[in-house]
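Across the two complexes that follow, chain A remains constant while its partner is chain B and subsequently chain C.
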Partner chain A sequence: MTIDANIGTSAVPSSGKDQRSFYARNRLKIAPWLFLAPALLFFLIYVIIPIFQSISLSFYQWDGLVAEQAKWVGMDNYARLMDDEKFWTSLKNNVLWLVLFMLAVPAGLFIALFLNQTTPGMRIYKSLFFFPFVISQVVVGLVFFWFYNPEFGVVGKVWGFFFCEQVVNIVGNLSTRCSIDPPALMASEDYATYGIIAAGLWPQIAYCMILYLTGLNNVSPDQVEAGRLDGAKGWRMLWYVILPQLRPATFIAVVVTVIGALRSFDMIAIMTQGGPGVGSTNVLAYYMYEVALSEFGFRYGYGAAVATVLFLIMLVYISYFLYRMYQDEKDGR
Partner chain B sequence: MIKSLIRATATAGFAAMMATTAFAGDLKIIFDDPNPGPKKGFEAAVEAFKKAHPEVNVTVSINDREAHKTAIRNFLSADAPDITSWYPGNRMAPFTDSGLMTDISDLWASDENLKSNFEAIKPTMTRDGKQWGVPYSYYQWGIYYRKDIFDKLSIAEPKTWDELIAASKKLKENGVTPFTIGTKFLWTAAGVFDYLNLRTNGYDVHNDLTAGKIKYSDPRIRATFAKWKELVDMGGFVKNHATMSWQDAIAPFAKGDAAMYVMGNFSVDGYKNAGLTYDQIDFFQFPEITPGVPRAEEAPADAFFIPAKAKNKEDAKKFLSFIARPEIQSQWNETIGQLPPNSKATVSDDKFIQEGFQTVSTAAGLAQFFDRDAPAAMAKAGMEGFQQFMNDPSKLDEILARLDKVQTEVYK
Partner chain C sequence: MFPKPIQKSSSGKQFSYNVMVPIALFIWLLPLIAIFMTSIRPESDITTGNVFGWPSDFLLYENYAQVFRETKALQYLINSFWVTIPTMIMSVSLACLAGYALAIYKMPLGKWNLSIPLFMLFVAGNFVPFQILMVPVREFSENIGVYNTPWALILFHSAFQTGFCTLFMRNFIRALPFELIESARIEGVGEFKIFWHIVLPLVRPALAALAVLIFTFIWNDFFWATVLTNGDEAKPITAGMESLKGQYLTRYSLYSAAALMAAVPPVLMFFAAQKHFIAGLTLGATKG
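So, the complex of A and B:
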């Protein structure tokens, strides 16, 4: 190599030695990084660094006001988490969300199968089914909150039809008396979470449905035909012929549903603010907001500890997801 | 191209710098209530100040009340105004303790008006022996009730707990729920708790509890909950209160399905908007529970503070001193329908304000409110406990044990 370098000053190109500049020689390797650089830079600033900042913050006790007043407390925040009833409730609710949210995948599939026909006006039906995904989560939350209202919501009205009667009250206004009180879903510590999950499922099902509808477009008619010749129909056709071809759609549907379940926040904020009672509808994301950022939350370190736990849970899942992606790409080549 | 871009950014940056560099004489005020009445009252006071001090260039921005509660953390440490509205009591503690507010004890000591006419409210503005803000308004709490329903059933304003229970029973018998309340946002339940506690145990126990000196499982606090249980068990509160805000809870009151409401005076506007007239509604003080306990009242104040990073503290103090004047406080509170903290100010002749003034001026002690007297984390846990108790009083032991635990963590 040293010899090459000496000769390199003469204009004669030696065999096996590329005389072009470093950039010119490595163009193909550098170019992608150049294109990636802006994205990487911002990803670093807005995602990677904050992750580590947040983890380091979780070892401090801090009220979020003056940075110099943060006090190092080591693992204290985590020790307190272990002993915090509200944290465990949030974790339990997170699991509940994860499990029940998965219903969106089969539900979306069946609606997609149902809508995958060529009837006139089918596009209108499809867009109607997709509608809940288009409107904001906040609006969905508000709509369901009123829907569940025991007095004037749909639930209350239907209940009232069976169990309530209109009476004239003491000042002559019409008022409702019920033989059995209508269920106040949003006021119940035991059921409010299910009510919110049901509200969250509504747009999520629409999302899965769209994924499956596009997937169904790519199902090869030859295979369906071949299956039919072999006598497959109904469930067997679905299970052995259609579903395997929908695998990519199923994978994405599961991914977005898990993400949707883990980041459930807006509906809880709108419908119950984590209540009723002692955070009975909290999830980790909302609990983090509550202890660190809300009106009565001044515990940034503690909030960061909650966020770190949520991050670790997501990390398990994200690692699996990346692994799967990697394997698929390898197979693809 | 790039050159012009750089020039553009440089100009923009410079302009931004100019905008944030306040010149002497500029006074930036942030206020936190965009509702028509409060906004009008505030703007009138600012106009009066401008007239009195034409050399000061006042700029005002009005935040949404809820947004202000979180925004204040950012602007106090980043881009502080010269004056901001905030709450006294423990709600100011995080900011005063971390040095984000200006100590204005010198103003309280030098200003004759502040020195002599604010005796009653001075303790609430004080922390660590220093004064931090100037209050412009406060309001009474108590029981608002449907006078027409009470008259129809010939119920008199209850003076004692037994009379209140008797009145509630009578209302129940006639198909009226005694109390309306909406606990979705928790603090309303704290109002009920505070009154039960003030009447059962008195002002000192309230202060000791919120200061963390008494446990929640203390027999005296249990006695408070026992009174509350009586009301809950008899169906004294509207059902579904946990799904309603305080505004939602006006609906059953206006309809005549509920007859009483433990509330602050700001709610009167809500009753009027719901179609009730002054003939239909009235006010009485929360009745006595333990005979002989001096009557203390809830009377939360609203105040103005000078952030530590304010650029023009001199004019800011001028403004605070100005809004403390009796004539300004009279007019301001006339507009917003509340009480002026200045004892020399005149009180509006509105029926509720007059009664409120009666109530607080004769009180043995003035409490701020559970969530202003207790530190944030304790207030939140406490109010959750209250709501849970109202939903299911049988969980009392569990609730008190939890509150004790939170207490030991918060006050250590």
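So, the complex of A and C:
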């Protein structure tokens, strides 16, 4: 089914000049632009044009104060990035986020399979499992920051249960003695990033779970029955019958997880501000913010260079997503 | 249905399933339960080490009232509403119009049909990292004089969320029967009237889904809140939490009460419109 762009004119007898107004004659050509204009204008001003502004800014050195003081430095910012240890740490952490965040997809599937039942009250259970996704990452970050606290957080308490004992010292006060000290997760250069990623996984797993729950709803019962008759069950059923039907859900789950991993900012800002040590939990998104709006003077140009690198990484995924979408569109009308 | 319905299993299995689900839920929500318990216990419990045990006193009302009395949390919450609700209205309306344009029309330019590339532009823009927009958007907001006002956030969020909303609306409108529009055209109904009287009533469920989602996204936004505001008079609750953290970090019950309060509006929104919310999140990729 296609729309003839000339339908407005073809309705008029071909003999003689069309007497109607310009808009009436061309309304099918003009109308879409009128509908599109406000959104397109907004989107260009706030999203599309800033991308190019940022990229061009990355060739300048500028403290953000007087526009005339911006100095063209060519590839200098990028050359400096190559020697910037903090940049490489951030990049490494980004890779770590990407890889570990992918756990959200199978974990979400696992919970979805666990909850895909129709026992009474199941609907409420499902929404409660989804809960972490609805609340702000700032709150999630805080919750986990305390959760990890070695003294009074849940992790510390559980640790204490296994490794610590309460003793009464000479003066008669209660004190705690531990055979192995509880881990101060957020203060550890080696483990803090893993702690933050685990916190980030919590809402992300909930998101993937809901995608799979909706997907499981649409799995064709006939195929499952047919599979059962052929003797498939458990893992084999999951792998050969269910997963292929869940492909659209998996696709969306992977896309949102990749984007979530590369966008990670809130949790780091709340839990560690990039520390401890020399930016041991930094990622590009946070490092860019830190550089550009640093307390020691803004470095817009250098920040823009970091942002451009992050953008290029994201562009790989965006292109893939668009390609997939374009393939679907071509098959459509 | 997969896995096999539990009703078909032995009663022993059914029983253990029914026990396991609440336990799993308890473990899953443990971090939240812990922070809730902190928010209702007296400050003295924490200093004496009673952090995870039974609170010595329940101070639900007192602790939460204290947040409003002693901190700027109420101001932050009001700011959040001030940003969230106009954004919700603006981005959904803009996207409705744009989605209609991209779903229904061909937009020829020479031999090209621009409607697909334009659509792709909205989709792609929706995925870019925020940091690449940060400096120009901050500068732009300063230049038009809205920096550190709710309008800085409203305008930016409306524009950015238009990408996601347009993706959603366009796919939704495209799934409508095209004959409706065609026959209205033959009847001589104008394009805008078709949109207003035929399409708009049909997309109401999509509008609801988008509105709930956008509300949650914007409410929970932290990055732009810190980039585009810096004063208490404009700061939304997410950015406000960070400044509260600086001031009240050692007063755990007060602070956790504030944190939970920040989570209430999106949670209410989710429970009020759960079906719409989920339909929105799945991007319509899986219907159901």
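The criterion applied here is as follows: the second predicted complex is superposed on the first by the 281 of 333 C-alpha atoms of A that agree within 3 Å, B and C clash if a C-alpha of one lies under 4 Å from a C-alpha of the other, contacts with A are read in each partner's own complex, and residues count from 1 in each chain.
Keep in mind that, in the parts below, contacts are C-beta pairs under 8 Å (C-beta built on N, C-alpha and C of every residue); 3 or more make two chains touch, one makes a residue touch a chain.
Quick caveat, the model's predicted, so the values are computed rather than measured.
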| item | value |
| --- | --- |
| Touching partner for A:G277 - first (chain B), second (chain C), both, neither | first |
| Of chain C and chain B, partner touching more chain A residues | C |
| First (chain B), second (chain C), both or neither touched by A:M102 | neither |
| Partner chain in contact with A:E85 - chain B first, chain C second, else both or neither | first |
| Partner chain(s) touched by A:G64 [first = chain B, second = chain C, both, neither] | both |
| Contacts of A:A184 with chain B and chain C, given as first, second, both or neither | first |
| Partner chain in contact with A:F296 - chain B first, chain C second, else both or neither | first |
| Touched partner set for A:M288, first chain B, second chain C, both or neither | second |
| Residues on chain A lying within both footprints (that of chain B and that of chain C) | 64, 293 |
| Residues of chain B defined as touching chain A within the complex | 66, 69-70, 73, 76-77, 94-95, 98-100, 146, 148-149, 152-153, 174-176, 183-186, 239-243, 255-257, 371, 376-377, 379-381, 384-385, 387-388, 391, 402, 409 |
| Contacting residues of chain A [partner chain B, same complex] | 63-66, 69, 80, 85, 145, 148-151, 167, 169-173, 175, 177, 181, 184, 186-187, 189, 272-273, 275-279, 290-291, 293-299 |
| Complex contact set, residues of chain A against chain C | 1-3, 5, 7, 27-29, 31-33, 35-36, 38-40, 42-43, 45-51, 53-55, 57, 64, 113-119, 122, 125, 127-132, 134-140, 142-144, 146-147, 152-154, 157, 202, 207, 210-211, 214-219, 221, 224, 233, 237-238, 241-242, 248-249, 251-252, 259, 262-263, 265-266, 269-270, 284-285, 288-289, 292-293, 300, 303-304, 306-308, 310-311, 314, 317-318, 321-322, 325-326, 329, 332 |
| In the complex with chain A, residue positions of chain C that touch it | 1-7, 14, 17-18, 21-22, 24-25, 28-32, 34-35, 38, 46, 49, 51-52, 94-95, 97-98, 100-102, 104-108, 115-116, 118, 120-125, 127-137, 139-140, 155-156, 158-160, 162-163, 166, 174, 178, 185, 190-192, 195, 216, 219-220, 222-223, 226-227, 238, 241-242, 245, 252, 255-256, 259-260, 262-263, 266-267, 269-271, 274, 278, 281-283, 285-288 |
